Amino acid sequence: MIDLVAQSLFSGVLSGAYYALIALGLALVFGTMRVINLAHGELVLLGAYISYTAEEKLGLDPLASLPLALTLVVATAMAVYYLISLIKTDRELNSLILTFGIGVILTNAVLMIWSADIHSTTTPWYHDATILFDTLFAMQAELVFAALGIVLVGAVWWWLEKSWYGRALRAVASNRDAAKLMGVNPQLTEVLSFAVSGLLATVAGVAIYTAKVIQPSLGHHLTVKAFIITVLAGMGSVPGVLLGAVLLGVVESLTVTLASSALQELAGMVLFLVVLLLMPSGLFGRAKRRG
Amino acid sequence: MLLDLDGITVAFGGLIAVGDVTFAMAEGDVLGLVGPNGAGKTTLFNAVSGLVRPTRGQARFLGRDLVAMPIHARARAGIGRTFQVPQPMHELTVRENLMVASRFATGRIDRERIAEILDLLKLGHKADADAATSLALTEQKALEVGKALATNPKLLMLDEVLAGLETAGKRAFMHTLAEVRQRYGLGLLIIEHDIETITRLCPRVVVLNFGRLIAEGSPDHVFNDPEVIRSYTGGEAA
Amino acid sequence: MSKSTLCVSAVALSLMLGLAPADAAELKIGAEIPLSGNLARVGSAMNEGIQVAAEMFNKKNGKHTVKVLVVDDESSPAKAVGAVEKLAADGVIAYTGGYGSNIIGPASEAAEKLGKVYITSGGVASELTKRGLKTFFRINSSEGYARALMGMFSEVGIKSVAVVYSTKEATEEVAKMLQTGLGAKGVKVTMHAFDPATNDFKPIVHKIKLQDRPEAIAMIGYENDYVGILRAAKVLKPDIKTIAGVWSLATSKMAAEFPDLMENVSGTSTLSYPAVFTTPEAKEFAETYQKMFNKAPDYLGIFGYVQSKLLFDAVARAADAGTIDKGGVASELRKTKTESVIGKVSFDEAGDNPEFTHRMGQHQAGKVELVWPLEAATGKMKYPALPW
Amino acid sequence: MNNSVKIAVFLALSYVAVPLALGSNTYVIGLIVAALTIAGIAVAWALLGNLGGMVSFGHAAFFGVGAYVSALLTLRGGWPVFPAMLMAGVGAAIASVATMPALRLRGPYFALAILAYAEIFRILATELKPVTGGAAGLLSIPRLPNVLGLDFGSKLGGYFVILTIVVAAMAAYHLIRRSAYGLALKAMHDSEDATRVVGVNSIVLKAWMLMVSAFITGMVGAFNAHYINFLEPDYAFAGQWTMLAIVSAIFGGYRTVSGPLAGALVVYLVDQLAFKPILPQGHQIVLGVLLGAMILFNPGGMMSMLTAKFLRKEASHAA
């Protein structure tokens, strides 16, 4: 039993780091622009499919396909930002509907270009086992991307807290007009946060293509997971994303181990609602979401 | 007592916006609430109308405990208020604004009273115009008062309804307020900056500074109080 | 993109046919099938089999020809009903096609209301044949999948099995059949349901490894689930003797896409890969398929072909007897008793094919060998043998 | 044209002209029934969105609950179909009570919290096998009945039933909007506080709108169950129901009563008749484009655009 729970916790933490990778971009844009990008999961998926094509056609290792995937996904993210910037009134809700529409467009575009077949990397190294302390098992890919997830969360946190750009971003987030008076160009900072979110989506996409199996309908599912984590984290908290993601991962895997895998999604959703309804600022956040 | 505040304190995080304020009003009283910017006057209004919850203290209205009462219930109990920045209900006409207030605060739409209020506030000719787009500032302020009156209040809290009006307009509005008070026998709690206005309207005044009540009494008495004078000059310097 | 070009031409063709004046000697058959939506891939594959059946029938049968009108049901139950009705308006005699029990259910009820035969191989739920429909037929069923899997397990004498299954309808049904069927034979069965959204199977496989300690794992899911389970199993290496699954597993596609994962894994299969066709009919089918679609047929194409061929034959017999309008197609189909490319076919009162038993194929060195039943086998089952 | 004439023309067209002209073409009637099903959800969605000021991404939750309630009452409880459909509305409204804690949440949070509820309901429907039949779903759900010689189980009968549901929903939308409740709800859009201090209990009003919206959606779900005679969790709680309704309501204009209906008819029929043949796979991409374009360039939707044009024309005639 101890072995089971230990492995379950370990799997949950690894899943959590991978979830954090998916959620970080969404949380960043949400924190800085108050915009929930419902096409974020589709951007992740786009990154995954580009990585697939690069491996299939050019024989590139998934990690080596990052520059190519980055270029295309960030460009797409910029296009999404441009469309959001066209919204004139009630940006909070209208952007929700707009990005929902963009998600539908991207999902169907992926379906048309890559068809409904499932794909995953064919480089076997990623799926080889690593065994820690004789009892904890993981795929190499999971370890690689969990590490990458933690590093990126740290990098984004450092960027927001310490760098000048990050401060400008936070200034815009808390008060757009006041930030303008301080000589910060809100548009520029928002473009930047969207670009970084595109970058994070790409890495997450490559991670999914490598460690999991991709198919066109996955995008929406990823967005929902990312949003759940953002809520758990509380708005504006970058370390919260990692902790919220790990919490979700652990709750899911413990549900599988102690109850049934059939209830795993249910457990995640219930956790989400409980935190949403009972903890007005998330587990680690500052801002309230009641109104 | 109409309104009875005992040790009301509102804290936002570490900031004490209203600190331990105690005073009372009898039915039909007119009380001025003055103090420099940021003294906590509007926050006190919000605490009485329910938009913020006091951190400490007791508040009773006609003997009923206010603290646990939701916002809408306070309106139904007889507390009406205006907002410093007029908040006309968009997409609604002036008359519809008053209808909403009448319907939800009293349980039925009292069309006669609405017509009377519109008349009193000289909004009759704009009754069916769009409230958000077709009113001048004076009219918007009048509509604020009208909405509050339509709730059939026993206490009307006016948040700087006279600010921003030129002298003639101010005179006329003060006259209207006096008429309103007479007609409906209301208690009035008035936030106002202009000392002359306050002196003319209110037999009794309460002064707040940095959230604390620093003086209370007749306008003559209060505005000659050295602490009040200091707070005003200090306030202006800041 | 060739698939969508095909779909476009199929739809265009059906539109043209719908507009063309009816030819008296021609028997119109409707194909209601998913060409878009989440079942697009399997639907397109089945449709290829249907087209091949029409081509072969028209070449051979001098007296009658068939014309197949195709309407896409977009993988949606409501639109499948719409498609059945549209085809009826275009004057079809009967329907072939359908994929997914949830879509076939309402679509076949619509066909029943219209008094027209509906034959399929895309829905295996036993619920479908418990409705008492008079015009519903299918050539396969969940039992056939469960029987094949159980047959293979008992062939090698397995005593305990862990069943890992998706909470979808068809998967859950096959899993339950395994549970009762294997249980009846005294095999110890443990059940592990998973949500279709599951992507990390390590906790489940670990439970199996440490708690169940079975001799075999049976996977009842879909392609992405199989990949996830096999990867988790490769990492955790439970001490089992064989790992097997059902549909979409012992396929050429899986062999090509995931060669390192599939070795020694078994799944239900009609054909070996590369396919070895022995009977003359099967050979002709494979040749025609190759000519029309420039590729080797897969199991979906074969099912589509068999169901359509049986239907065409029955329609032709009913036309000869002049009973098409009097329910003749259904009664002719009920007389069917034949050896087909997928084995014996006959129909009981409910329209089910009680003879249906799937075969089992095993991935061996990039190929799929049929290993069960022995009379159909093209190779010997490797046992005990695992992908790791 | 004044409003009552417009309504009379609309009713005459939909109850008399359409059945007479298209009644024999079951395929087209089938498409229209499907479009009206979407329209029903879209009206309910718009009512909540416009009056309640709440955008929901989980209306499939109420659709699915309604469908299951009605199907189970008729299949297991032996209820007649029409009363069961009414109870389905009630059941969905009761289910909406479970979602009411979410009313305290701000816009986007509410929208996605409802989505979580839809997901939870779907999983519950899958897991509560003894009641719902689990993933296998329910087959052979009773069809709409024969009443006084009218066969509502036929295509055309189904058309009349769903049309009546949609018309009733639009009437409810219109009446609520015109009432004092509607005025108060409208007022809440801009300043909820200013509305509350005149005695409006905003949470209760929003809760009512959520219940009305859920009731309508549940009825539509029940209709669909008896029309298709089939249910399974993935189908009953499919995101498609929400997605198509949102696209329709936004496209048609969700601040107008007629917008969601017009939007559903245009979006669904154009999608099915024009785009599906051209793009068999992925034609929903067009829906995404329509949705995005409308939000960006004409947030008022098609009906407000048409009305504006019409008014301009009338004005130029007058001049």
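As written, the chain order gives the labels A, B, C and D, with residue 1 at the start of each chain.
The rule is short, and it goes like this: a contact is a pair of C-beta atoms (placed from the backbone, for glycine too) under 8 Å apart; a residue touches a chain by one contact, two chains touch by 3 or more.
In this text the structure is predicted, and so the values were computed from the model without any measurement.
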{"item": "Graph separation of chain A and chain B (steps between touching chains)", "value": "2"}
{"item": "Contact distance in steps, from chain B to chain C", "value": "2"}
{"item": "Farthest-lying chain, centroid of Cα atoms versus that of chain A", "value": "B"}
{"item": "Chain nearest the overall Cα centroid", "value": "D"}
{"item": "Between chain C and chain D, centroid-to-centroid distance (C-alpha), Å", "value": "36"}
{"item": "For chain A paired with chain D, centre-to-centre distance based on mean C-alpha positions, whole Å", "value": "32"}
{"item": "Length of the line joining the C-alpha centres of chain B and chain D, rounded to whole Å", "value": "44"}
{"item": "Contacts with 2+ other chains: residues of chain A", "value": "112, 115, 262-263, 265-266"}
{"item": "Chain D residues counted as touching two or more neighbouring chains", "value": "123, 126-127, 279, 281-283"}
{"item": "Contacts with two or more other chains, residues of chain C listed in rising order", "value": "3-4, 40, 167, 195"}
{"item": "Touch-based graph of the chains, sorted into line, ring, star, complete or other", "value": "other"}
{"item": "Chain pairs in mutual contact under the definition given at the outset", "value": "A-C, A-D, B-D, C-D"}
{"item": "Contact footprint of chain C on chain A as seen in their complex", "value": "3-4, 7-8, 11, 14-15, 112, 115-120, 122, 124, 127, 129, 137-139, 212-213, 215, 217, 221, 252-253, 256-257, 260-266"}
{"item": "Residue numbers on chain D that touch chain B, as the complex places them", "value": "180, 183-184, 186-187, 189-191, 193-202"}
{"item": "For the chain D and chain A complex, residues of the former touching the latter", "value": "55, 57, 101-102, 104-109, 111-113, 115-117, 119-120, 123-124, 126-127, 192, 239, 243, 246-247, 250, 279, 281-285, 287-292, 295-296, 299"}
{"item": "Chain B - residues contacting chain D, complex", "value": "49-51, 70-76, 80-81, 83, 87, 89-92, 96-97, 99-101, 103-106, 109, 132, 147-148, 150-151"}
{"item": "Touching residues (chain side chain C, partner chain D) in the complex", "value": "3-4, 7-8, 11-12, 15, 35-36, 40, 72, 74, 76-79, 81-82, 85-86, 88-89, 101-102, 105-106, 109, 125, 127-128, 131, 167-169, 172-173, 195"}
